[in-house]
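The structures considered in this document are given below.
Both of the next two complexes hold subunit A, though its partner changes from subunit B to subunit C.
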Partner chain A sequence: MTLYFKYMLLLFKAQMEYRASFLLLVLGQCLTPFTVFTGLYFMFERFGDMKGWSFYEVLLCFAVTHMAFSITECFARGFDMFSSLVVSGDFDRLLVRPRGTIIQVLGSKFEFSRVGRLLLGAGVLIWAIMNLDIAWSPLKITALVLMEASGVIIFASIFILCASFSFWTVQGLEIANILTDGGREMTQYPLSIYHRRIQQFFTFIIPFGCANYLPLQYILGREENPIYAFLPLAGLLFLVPCLLIWQIGVRRYRSTGS
Partner chain B sequence: MIEVNGISKSFLVSKRPPGLAHAVKSLFRREYTVVEALQNISFTIGSGEIVGYIGPNGAGKSTTIKTMSGILVPDSGTCSIMGYTPWKDRVSYVKNIGVVFGQRSQLWWDVPVLDSFELLRDIYRIPPLEYRSTLALLVETLDLQALLHTPVRQLSLGQRMRCEIAASLLHSPSLLFLDEPTIGLDAVSKIAVRQFIKTINEEKGVTVILTTHDMNDIEALASRLLLIGKGKLLYDGTVQGLRSRYGSKSGAAEASQLQQASASTSEQGHSTGSLSIEDIVVQMYKEYAL
Partner chain C sequence: MIKPYYAVLRLRLSNGLQYRAAAYAGIGTQFFFGFIFIMVFEAFYAQTSAAAPQMSLSEVVAYCWLKQAFLAFIVLWLRDNELFQLITSGNIAYELCRPSGIYGLWYAKLLAQRLSSALLRCLPILLVSFFLPQPYRLELPPDFAAFLLFVCSLIIGLFLIVAISMLIYISVFITMSPAGSLLMFSVFGEFFAGMIIPVPLMPDWMQRIVYALPFHWTVDFPFRVYTGNISTLDARAGLLFQLLWLAALIFIGKIAMNKALRRVVVQGG
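Entry: the complex of A and B
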């Protein structure tokens, strides 16, 4: 873990070598979700609510997803960009160092500019909470923290899963973005607005629903059962097979050298 | 120290004729050819040796180095280095080796060299005291003092290579793999790098395995030579042995012809009449039709 922070520090120094470009990136990262946000605002202005979800409730959902995604992009970017590591052959370098591959890939890249998106997400979260009438309890706060953590874990798992594909294809698969960007776009709205099949996919296969929609029901007081507060832990269940596939991929790489 | 026994490795290379139609077709069905990168390679290397590993491009040099450094798993054969099998217990094995890929950097591009060194210290878990003394020694022998606070991207290739070599020795490995360490360097840097390799070999007893296309590297450093071609080990012995075996073997006419051909392009002294090692290697490549 200390090594991870050392990596982070070094790459932060590297990033600061290009200050102007960094600041512009932060601003740019802030703007992308902002356009989505304004779209949301005007839509609600026109239609009032969305399948029984008010504007601020949807905002809460939106903020949680975007914060989790930006945190993941910032800290697990190494997996997102992993195919370039394989193509350039720099993955060989990682293999001759006496540390695990996962920590080294995580440490190979950080995308600090995502702090822009994170700040916007946090702003929206606070604004939504202030406008919602929520009876906060320690359990609800725990649920919110778990939602965020679980979102990060699920996004990171998808990054790892997609990165593993490049052991087979060398070139990363653009199709993988269906899961990452697609997952983000879908889960920024409450799952209940979608078709039942899609709901099932995002609950039982990729458990975004457990990290987002279901605990939100509890926080908003639509569900009383406290088990909903702990559903985000299901995100950990998704991480396990992804790590397994990663390990298989590393073994395959070492026997093909592709 | 190193025992390599009957290592073989083959790759599947997808082949595809040029043209759009074939590109589309290859999406669905690919044809593969099997390339035998290594065929039954065996050798042993003793502690403290400097071994030059040469061969034409695509002969299997890098594959051998990658296998010996634990990056690749061979199809068959055994390899024991310091008691480890490189591709098993990877993590505990690689603590004992240093690897320099001449064409790829292991330093972080945008930060000063010293920052890269410090991160490597943490990656290899080098105790602070040991780190300081090793670093002091490396800085002195490689003349790095002026470079330590410069970002890597601003270094010249020669300066960078000195830093690369230092980086791969920070954890005091007892075995050093150098994959084309002098590629692209000017004469001064080449000599500095060679000198340094000699020094660490003599003073610290580091075993060095070196691949190169520059025969002067071999002559300056390696008492022993391994020559590989098309995945087969063709020669294992001293430089002198190579000279006596191949230098006189083929007819004098061909030799002088070769000499003339190369005299115009290379600047090696042929005044003595004996073939330069470069010529001998060219001759060998020809003989084995590489």
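Entry: the complex of A and C
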């Protein structure tokens, strides 16, 4: 773990060398979801309601997703860019070092500029909570924290899963965007607005629903059953097969040789 | 006179068409995103209490599918790293030695890049979305005139977007950092173009700002002509405005380019 923080510090210092460009990127990262947010605001202004969900309720959903996604992109970016390691053959170097592959790939890249998106998400979260009439209890706060953590774990698992594919395909796949960017786009709204099939897929196969929609119902007082508060733990279940696939991939890895 | 530009265009086109597998994988992604967007709009339209919006759901659906199909025609973030590298590395010196105008040459390059990636993707997406079950189906335009006007406006829109993205490349001469310029242009440009939500769904004060800017002529205008949301009479007038903007943007681009090139300092290497 100390190794991980050393990697982090090093890359942080490196990115800070270009301060102006870094700040611009932070601003840009903040603005991209901001336009989506503005669009959302305009839509609610026109329509007032979204299948029984109010503006601030959807905002809560939006904020949790964007925060989780930005944290994951900041820390697990190494997996997102992993196919370039395989293409260039640099993965060989990781294999000969006396440390696990996962920690090394994790440490190979940090995108600190994602802080912009995180800040926007946090701002929206606070705004939403201030405008929502929620009877907060320790359990509800736990649920919120678990939602965030579980979101990070699920996004990270997807990054690992997509990175593992590049052991077989060498090139990265654009279709992986469905799971990462698509997952983000989709979970920024409550899952119940989508088609039944999509709901099922994103609850039982990729447990975004458990991390986001279901505990949200508990926090908003639509469901009384406290088990909903702990559903985000299902995100951990998703991590297991992803790590397994990664291990299989590492074992059958053949260097491109370049 | 026009020949070298045409040659660049053709070369780039066949180059881009090589990446067929990537295009097919992209189509799957486009479909997924298309469905997500439509379902979100559908959820909003499920509200019967709201005052009737200026755009029906089937028009929004058509708007979404056209957006997915012609994504390469309308996004601003599509970039040509080669050109950025030319500017930041100083290899621009070679480009300046060529006997044809650099503006036209780059314009042709960017145009070809967009054409090749759209040609591969748009037909399958359009075909499939015509046969989807309701309410996801892409409806045909109301009449043949609307269709013709749509084609015209889409093509002029394409020329417009290339003219706008030329400005991004020119701005890199000054900022030297592609990421910043690209980001600012694409974030605001795409919002004002109606990529996030169609312009008629925005509040009135926002619409007034949007209509004063050139961006909506590239996305919002052609797609709404297709759905018949803009009447053929207005569409004809719109085509004229598109052409005026196009002339203005190319004029500005050429002047800015000449200015930037006069100041350009090639740092050895």
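Criterion: the second predicted complex is superposed on the first by the 253 of 258 C-alpha atoms of A that agree within 3 Å, B and C clash if a C-alpha of one lies under 4 Å from a C-alpha of the other, contacts with A are read in each partner's own complex, and residues count from 1 in each chain.
Keep this in mind: a residue touches a chain if its C-beta (ideal position, glycine included) is under 8 Å from a C-beta of that chain, and two chains touch if they have at least 3 such contacts.
Note that the coordinates shown come from a computational prediction; the quantities given were computed from them, not determined experimentally.
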item: Fit-or-clash call for subunit B and subunit C when the two complexes are aligned on subunit A; value: fit
item: First (subunit B), second (subunit C), both or neither touched by A:Y194; value: second
item: More subunit A residues in contact - subunit B or subunit C; value: C
item: Partner chain in contact with A:L3 - subunit B first, subunit C second, else both or neither; value: first
item: Contacts of A:R222 with subunit B and subunit C, given as first, second, both or neither; value: neither
item: Subunit A as apex of subunit B and subunit C, Cα-centre angle in degrees (nearest 10); value: 90
item: First (subunit B), second (subunit C), both or neither touched by A:M50; value: second
item: Partner chain in contact with A:L24 - subunit B first, subunit C second, else both or neither; value: second
item: Three-chain overlay, closest Cα atoms of subunit B and subunit C, distance in Å; value: 6
item: Interfacial residue positions of subunit C with respect to subunit A in the complex; value: 22, 25-26, 28-29, 32-33, 35-36, 39-40, 42-47, 49-50, 53, 177, 179-180, 183-184, 187-188, 190-191, 196-197, 201-203, 206
item: Of all residues in subunit A, those that touch subunit C in their complex; value: 21, 24-25, 28, 31-32, 34-36, 38-39, 42-43, 45-51, 173-175, 177-178, 182, 185-186, 189, 193-195, 198
item: Contacting residues of subunit A [partner subunit B, same complex]; value: 2-3, 6-7, 10-11, 13-15, 17-18, 88-90, 92-93, 95-100, 254-257
item: Touching residues (chain side subunit B, partner subunit A) in the complex; value: 11-12, 63, 66, 69-73, 87, 90-92, 94-95, 97, 99, 101, 104, 106, 108-111, 115-116, 118-119, 122-125, 151
